[in-house]
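Think of it as A, B, C, D and E in the order they're written, each chain with its own count starting at 1.
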Amino acid sequence: MNPTEHPPDTPAPEPADAAARPGPDRCLEVDGLSVSYRAGGGEIPAVRGVSFDLEPGSKLGVAGESGCGKSTVALALLRLLPRSARISGRVLLDGEDVLDMRWGRLRAVRWAGASIVFQGAMHSLNPVQRVGDQIAEPLLVHGGAAPAQARSQVVELLEQVGLPAWRERSYPHELSGGQRQRAMIAMALACRPRLIIADEPTTALDVMIQAQILRLIDELVTGRDISMLMISHDLSVLAETCDRLAVMYAGRIVEEGPADAVFAAARHPYGAALSAAFPRVGDPASRRAPRGLPGDPPDPAELPSGCSFRPRCPEVQERCSEVDPVLWPAGPGRTAACVQVLPPEQDTRPPPGRDRASETTGE
Amino acid sequence: APPAAAEAEGADTLTIAASQPVDSFSPFLAQRLISTSIHRLAYDYLTNYDPRTNEPIPGLAESWTTSDDGLTWTYTIRDGATWSDGEPLTAEDAAWTFTTMMEDEGAATANGNFVANFESVEAVDATTLKITLKEPQATMLALDVPIVPKHIWKDVGDYSSFDNDEFPVVGSGPFVITGHKPNQSITLEANEDYWRDPPKFDRLVFRYMPERDAQVEALRAGEVSFVSGLTPAQADALKGTENITVNTASGKRFQGFTINPGARTQDGEEFGDGHPALEDRVLRRAIMRAIDKDEIVESVYGGYAEAAGGYVPARYDTYHWTPDASQRLDFDPDAANEMLDEAGYERGGNGVRVSPGGDPLKLRMHVHNDRPDYVAMGKLLVERLADIGIEVDNRTVDPGVLSDALYSGEYDLIFTGWTVNPDPDYVLGIHTCGALPTEPGTMRSDAYFCDKDYDRLYEQQLAAYDDPEGRAATVKKMQEILYEEAVVNVLTYADTLEAYRSDQIASIQVQPDPGGNIWGQDGHWSWSSAVPAADSRAGAAVSPWALAGLGAVVLVALGGGVYLLRRRAATAGDRE
Amino acid sequence: MAATEKAGTGRPAAGTRPRRGRPGLHPAVRYLGGRVLTALVSLLAVMVTSFFLFRVLPGDPVAALTQGRSVSVDQLEAMRRDFGLDQPLPQQFADYCLGMLTLDFGMSYQYRVPVADLIAERIGPTLLLAGTGTVIAAILGLVLGTRAGWRRGSLMDRVDTGVALTLWSVPSFWLGLLLIVLLASGAGLFPTSGMSSPGVEGAFAVALDVGHHMVLPVATMVAVVYAQYMMIMRSSVLDEMGSDYLTTARAKGLRDSVVLRRHAVPNALLPTVTLIFLNLGRVVSGVILIETVFAWPGLGSLFYSGLRVPDLPIVQALFVVFAGSVIVMNLLADLVYPLLDPRVRT
Amino acid sequence: MSRAALAWTRRRRALAGYARAFAGNRGGMAGLAVLALIGLAALAAPLFIDADALSLTEAEGGRFQPPGPGYPLGTDAFGRSVLDLVVWGARISLTVGFLAAFVSVALGTLIGVVAGHFGGWPGNVLMRVTDWFAVLPALVMAVALAAVMTRSTLTIIIAIGVTAWPTTARVVRAQTLAVEARPFIERARALGGGHAHVMLRHVLPNVLPVVLAQTTLLVAEAILMEATLAFLGLGDPGTVSWGGIIQEARTAGAISSGIWWYMIPPGVAIAAVALSFTMCGRALEGVLNPRLRERR
Amino acid sequence: MSSEADAPGGTEAAVPVLAAEGLEVAFTGRTGRSTARAVDGVDLEIGAGEIVALVGESGCGKSTLARALLGLVRPSAGRVAFHGLGLGYRPRELKEVRRRVQLVLQDPTGALNPRHTVYEAVAEGRRIHSGSTADEEEHVAKALARAGLRPPERFFLRYPHELSGGQRQRVAIAGALVLQPEVIVADEPVASLDASVRGEILQLLLRLRDDHGLAALVVTHDLGLAWNIADRAAVMYLGRVVETGTVEEVLAAPRHPYTQALLSVLPESGAAEPQILAGEPPDPTRIPGGCRFHVRCPVLASGAAQAAGVAERCRSEDPGMLGGSGAAAQVACHWAHAHEAEPAG
């Protein structure tokens, strides 16, 4: 990834209506976030109007296939996208718009306001710096802590994630994958941020380690009033960990709602297919009956007209090619973007408060 | 007395560009021209050469007599000559020098050939030196052997490794060697007590500059006062330059090539693989007729040369010989072709002639790759010989490879060139039958030439040391034989091209005068006689340019630094 | 060839892999011992090559030395004997090997001094020239390479890269000659050749004088060499730029310049430093041309003069010295690398 | 359409894709343009330069004539047009460059692939040998080789080729190791493919891009090396090459005589061609090496 | 879709198609320091038309076992038997076996040479074994069609990068099918695929078994996958199979504490309290004595083993290798044996 940053190309749009201003109880509010990458002469719409918000202390899981834009959303939250990315929409972090922040302010917000645990802990740690130094770095930058003080904090953090204090002097390559992921978590916690973004924190880890890490994250986040955005392709993992679930497909959220409900009975056929892909062991229904979706994951560069899920949808209807459905209330606290949940008279006209999942909750 | 400790400031310094480093400061070992030139300046020899005429003149020896049989030579050593450390210089020093060379192999390294024929050398008294020869020797007035101080040298154990680099070096010449920065420079200072007129320049510096272009640029910049060995192009370019005088001298060297007439030993054993057709004199002469010497003079030397006649360069008019009109093998490809046609060299299908013996005329030509003039001549020869149906394989090779080919007789044409001393004895001697190898590989000549008449004439001139005119006539006859046989073929006598800064050197002695050269004279005249120009201040201390140049560098560095910083500041700025 | 490719070869193959020692031997000792042993074997091989390679050089050095001058057959014989050329080859080889072990490289044919003395005399100037040149080239290359890599594709990157590659494509001797014409004799700013002016006294003046003489050769060397370092650094910065730990660093709220300085550069330096070391060895022989053009009294011009004769002992010894310096630098690189890169340390 | 024809169409399309990517690289295109120009000139040289123009005895110009009508770059000591010489010199310089690069790349690729594929002790031994060759200073080695062998263009080619291969071998070996670590090698082995199959069908095609880029870059190096050897007086005197012209200019003292037109053009030609090859090589590398390409 | 009863294998006493018999594979560290016993005594049989799932955590030796079955690594002890005959390691013998046993790798992107077209990738196996024949194209088309890429001609000239992940894996499978093998060894065949695509590939494997009687060994760390398609499961821990049996036996009623722990951490498992084993995956260079699981064993730690009176044996006595045949469920655990014997006795 190209690490160079740039000021956003377009200023964040003015809020559509004043009523949509977040209350102080929202620690993160994303509104109409769109990201496209300039590549090979064209634009790849990686994220197409994603909106969601997060209350303090709550956990939102984002699931979806590879390439559906999950990581792009995560990086956009802290404006970490490469220069080739064009961002629009709003990302309000504690009421402040990240996308048009001044650089100095942005730097202050990064890590202190929201920190990220990346998927590849192997590569997310600097291979030639000691783990302790890397954990101490944000402390020194943000906390203005004295080195000695930072050191003791580092030891404390390491212990919290279950690593012995002497590991502080280790280099990343001396740690196993799970330990590295722990170190990453320790680092993410260092500045006591209000939000932790965990981008596939357990993929590529062994089942057992995965369970360890998930439990650790769960322990650390609960009870500290830290909100969390967890990204994974494994719906079952998210359902286990998070309060709410959002399922992304082709750069959009296609389903959102309470975790258990979404996992158990998705309203969007894609959500349903995704949860069926993780069979319940012991469930006779899935014995010798692997289920999946025919067809290929979408290519963001050439999305079909109408519903972008149409080519793979097992329940495709005529309307699907005409309507590009938007998120629509689909039960208590739930929304889905499928013609099946759209009221029949609703065609192409977007519902009020378009794409705002939060607006439609609590009906 | 030690040389006047010339104070750095204000002393007149003459800086000479040297293209070779010295090989040794020991006169017993030094063989390079630069070294022997310096020894000329630092040591006196028994005899010297007249700056104008090149005739032998008294040196350390004021006068000399010869016995009737020519085997005993008695020299009278100058009274009052001293070494630079104040010790008197006597016949004993000279006798010791020669005797050591006769007795010690190491000491004979450089000049052993001069004493090879000596029976004994003795100092009869402080001023009388007596040399007894085994056979008469024509070079007794051209004994180019530096006389070294016995009191310093007698304790040296191993002459083959003694470098004589304790400065100042005790000598007896017009200059004293006072310093040496290896591969950079050699400094000599004037010997105020020299018995001839002491030099006008206080100091001589030989700066080692191997690159010819660098030398000329240094001359232009005034870093050096004198440059030798100019290329014709450089001479042309410098001619128009202010404050620079170009000196063109008729050369001491000839350039040519020899043809392998069939390599054989003194016993007549044939070896090597020279082209058999070359034994034919007609072919050899035809080759000569195919070559345009004037063209060589023009294209290779830019006119700074003379198309050659005989073996001895025109500079030595006593011995120089030119063929008369009937003998001349002038450039005439048609005549050459005719000669070959008549002699039965038929042209083959590809235009290459075939000898009557059935061998196609495909000849190898060995050229020294370190001599640009030979290389250029070689290329011309290839084209010219093609015109008469001879195909030449041009092999431009390292000198070592070339000598291998020569010694083993595995060549057809080979380039050569000799520096001819005022006395041509040596260069004539190498073409006697006696110079043929005793066994394959022990060659000391550069052609397998052997001619009874020539040998007879050689003996004759050798014995005629007391009859200069008769000797000259004999020498000319020998050259005629060489010319007629066309085994040893001389193409040109290249001029010596030199230049000096006339704003540093007011005048300088050439040898012979007029028309002579400055570098590599027989004798030390050029440097001992050079007169500083009124405002000569070359090579003193750090030049102001050094400061200017370094200043420029610092400025550039600073500028670069500032640029970088500004870039950084700028990039940091647009990040914020 | 672009520096990047040279870069590709750089990192010592064994260096990147952590090595485990046999039980009983400390891994570091083992590593060190292994490296040193390898280096010694290489050195030995180089010595043998040097002997045989130059033995087959055609041409009789004695004949070449004396050509055009009056020497007797006896004298030639004597010279051959002096140089040990009359010995059978195996004997010569044995003598050569024994000599090498005692740093006795024999007598130079042309200078008639022990080659070891010649080398001792000349090594200083070469180290001065090559050292200064390398330091400047390395600094320049690293700074420019970092900038170019960090701002890949920018105008500055294109200009810097273009200039570097252009200079890199110019034959060094040609550039040197041009500089002499333009700056030395044309503008008269610098001396044309050599290392010092005669008659300069006093430490400061001498230093100044040498510095003045050094400008052009060093400039030539830097111009031709820095592109390599620059391109290596550039590509290694580019390699690092893709790394996630840089995103992490940025996510931590570090300034761009701090991310570069504290994270990207140290990582990118790893392969570059090795390559600089590896190059150092080559630079020593690379100065042959520059020394020849500027008449710098170093090993390079000694080699050149030795080759012309050919002066076997000089050429042989210098071949060993040049190759040896590469070996030593390789060894140093191998030894330094683990200090820099914790991943290699065991 | 038959499968072969289809395959050909697709291959052409793939090539066109590469060409397009290459065309997007300005440096590469500039380099290619210069090379095409010089290459054409070199190929066509016999058409517009007759033998007389290069003959020392037949040339019509004056000695060291400065640039002017009829002689855009002046003449040399024999009155030959320097422009003609430089154009003609391209033939030798390019030939030497290409052939030497070819020799070294062929050698390096063979050794690199074999060493990388076999690993174990044969690979180790090969790499030791390579390392050891790499240690020998290339210039010194080439000088020695050029001095040992008879002086000819072939000698120069061999000397350069033999000294430059270790770099290629290392690059190729590294690439081979990378390719060998990819699962499709294991798949090929599991399918029953032997060593030859794996090396020829899988490793070679995948290292070829690297090799191609390497070759391009090596040509530049070989041309520079040729010039250097010629400068040191080790060139083939019978032929006209750029390095040879510089050497002749130098021995004639052209630089200090103000005969810049003898000295500058061949140097510029060398630099231009070396630079062009380097640019092309880098561009090719960018196009063929997906790792670099991704980053663009 | 076949029902359970149709599943062949298992009860038949026929000679297994492919079997590991006391197989051990050890890797020697480069400098001879430590030996990794990646596979440390495995008996495993794959009957005709049977799908066996080999499950276990990372680094337990699954892939090594799979590769040893194809002769890609040489066992240090034991043997691989193909139709009851020991595998020879001469090139010719290996080639023959590799015609009849095929490997499908985890990562289809990596497993396809990016410079080969789909056609070439599929035909490669045939070309190696029977050269280029006239009917090659026909076979390739058939294999692609069997792997679900229809119409095959459309895919012939595509390059891997022009296909989606699922299509690539199908191509890889087609490349295996073209030789009409008897067994497919699939090493994590869907691990790198997207969740929604995964099912398709698994269905394909099932279909191949059902329609063509192809036997398969599916290596995976995903218990759900085993549940999805396998007839029999073998749980591997640190180079050993510690529990085998039919999928229902092993996954629905796990007996080995390790299997139990694995199942308990599945997110959707109904287990009240997941048993998270502490620490990192074990190190095959240092296999503990006694039962190799005892250091992490929750049963031992909780004192249940002590209660059953086998704690000492757990620490000192190796429970031994399990027989490879699928006839009966087996477990290598002192405690399980004791525990089960108790109520019975």
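Just so it is clear, a contact is a pair of C-beta atoms (placed from the backbone, for glycine too) under 8 Å apart; a residue touches a chain by one contact, two chains touch by 3 or more.
Values in this document were obtained by computation on a predicted structure and should not be read as measured data.
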item: Of D-E and C-D, pair with higher C-beta contact tally; value: C-D
item: Greatest separation from chain A - chain, by CA centre; value: B
item: Euclidean distance of C-alpha centroids - chain B vs chain E, Å; value: 88
item: Centre-of-Cα separation between chain D and chain B, whole angstrom; value: 43
item: Rounded Å distance between chain A and chain C, as computed from the means of their C-alpha atoms; value: 53
item: Length of the line joining the C-alpha centres of chain A and chain E, rounded to whole Å; value: 34
item: Sequence positions of chain B contacting 2 or more other chains; value: 213-214, 216-217, 220, 370, 397-398, 575
item: Of all residues in chain D, the ones touching two or more other chains; value: 147, 233, 250, 255-256, 295
item: Interface residues, chain E side, partner chain D - complex; value: 67, 70, 72, 91, 94-95, 98-99, 102-103, 105-107, 110-117, 119, 124-125, 128-129, 137, 156-157, 159, 172, 175, 179
item: Residue ranges of chain C in contact with chain B within the complex; value: 57-61, 63-76, 78-79, 82, 110-113, 121-122, 143, 147, 151, 156, 177, 180-181, 184-185, 188-201, 205, 208-209, 211-212, 215, 255-257, 292-295, 297, 301-302, 304-305, 308-310
item: Chain A - residues contacting chain C, complex; value: 1-5, 75, 78, 80, 106-112, 115-116, 118, 120, 123-129, 137-138, 141-142, 171, 173, 187
item: Touching residues on chain D, where the partner in the complex is chain C; value: 27, 127, 131-132, 134-140, 143-144, 147-148, 166-167, 170-171, 174, 213-214, 217-218, 220-221, 224, 227-228, 231-233, 243, 246, 250, 255-256, 260, 263-264, 267, 270-272, 274-275, 278-279, 281-282, 285, 295
item: Residues of chain C touching chain A in the complex; value: 150-151, 241-256, 259, 263, 266-267, 270, 340-343
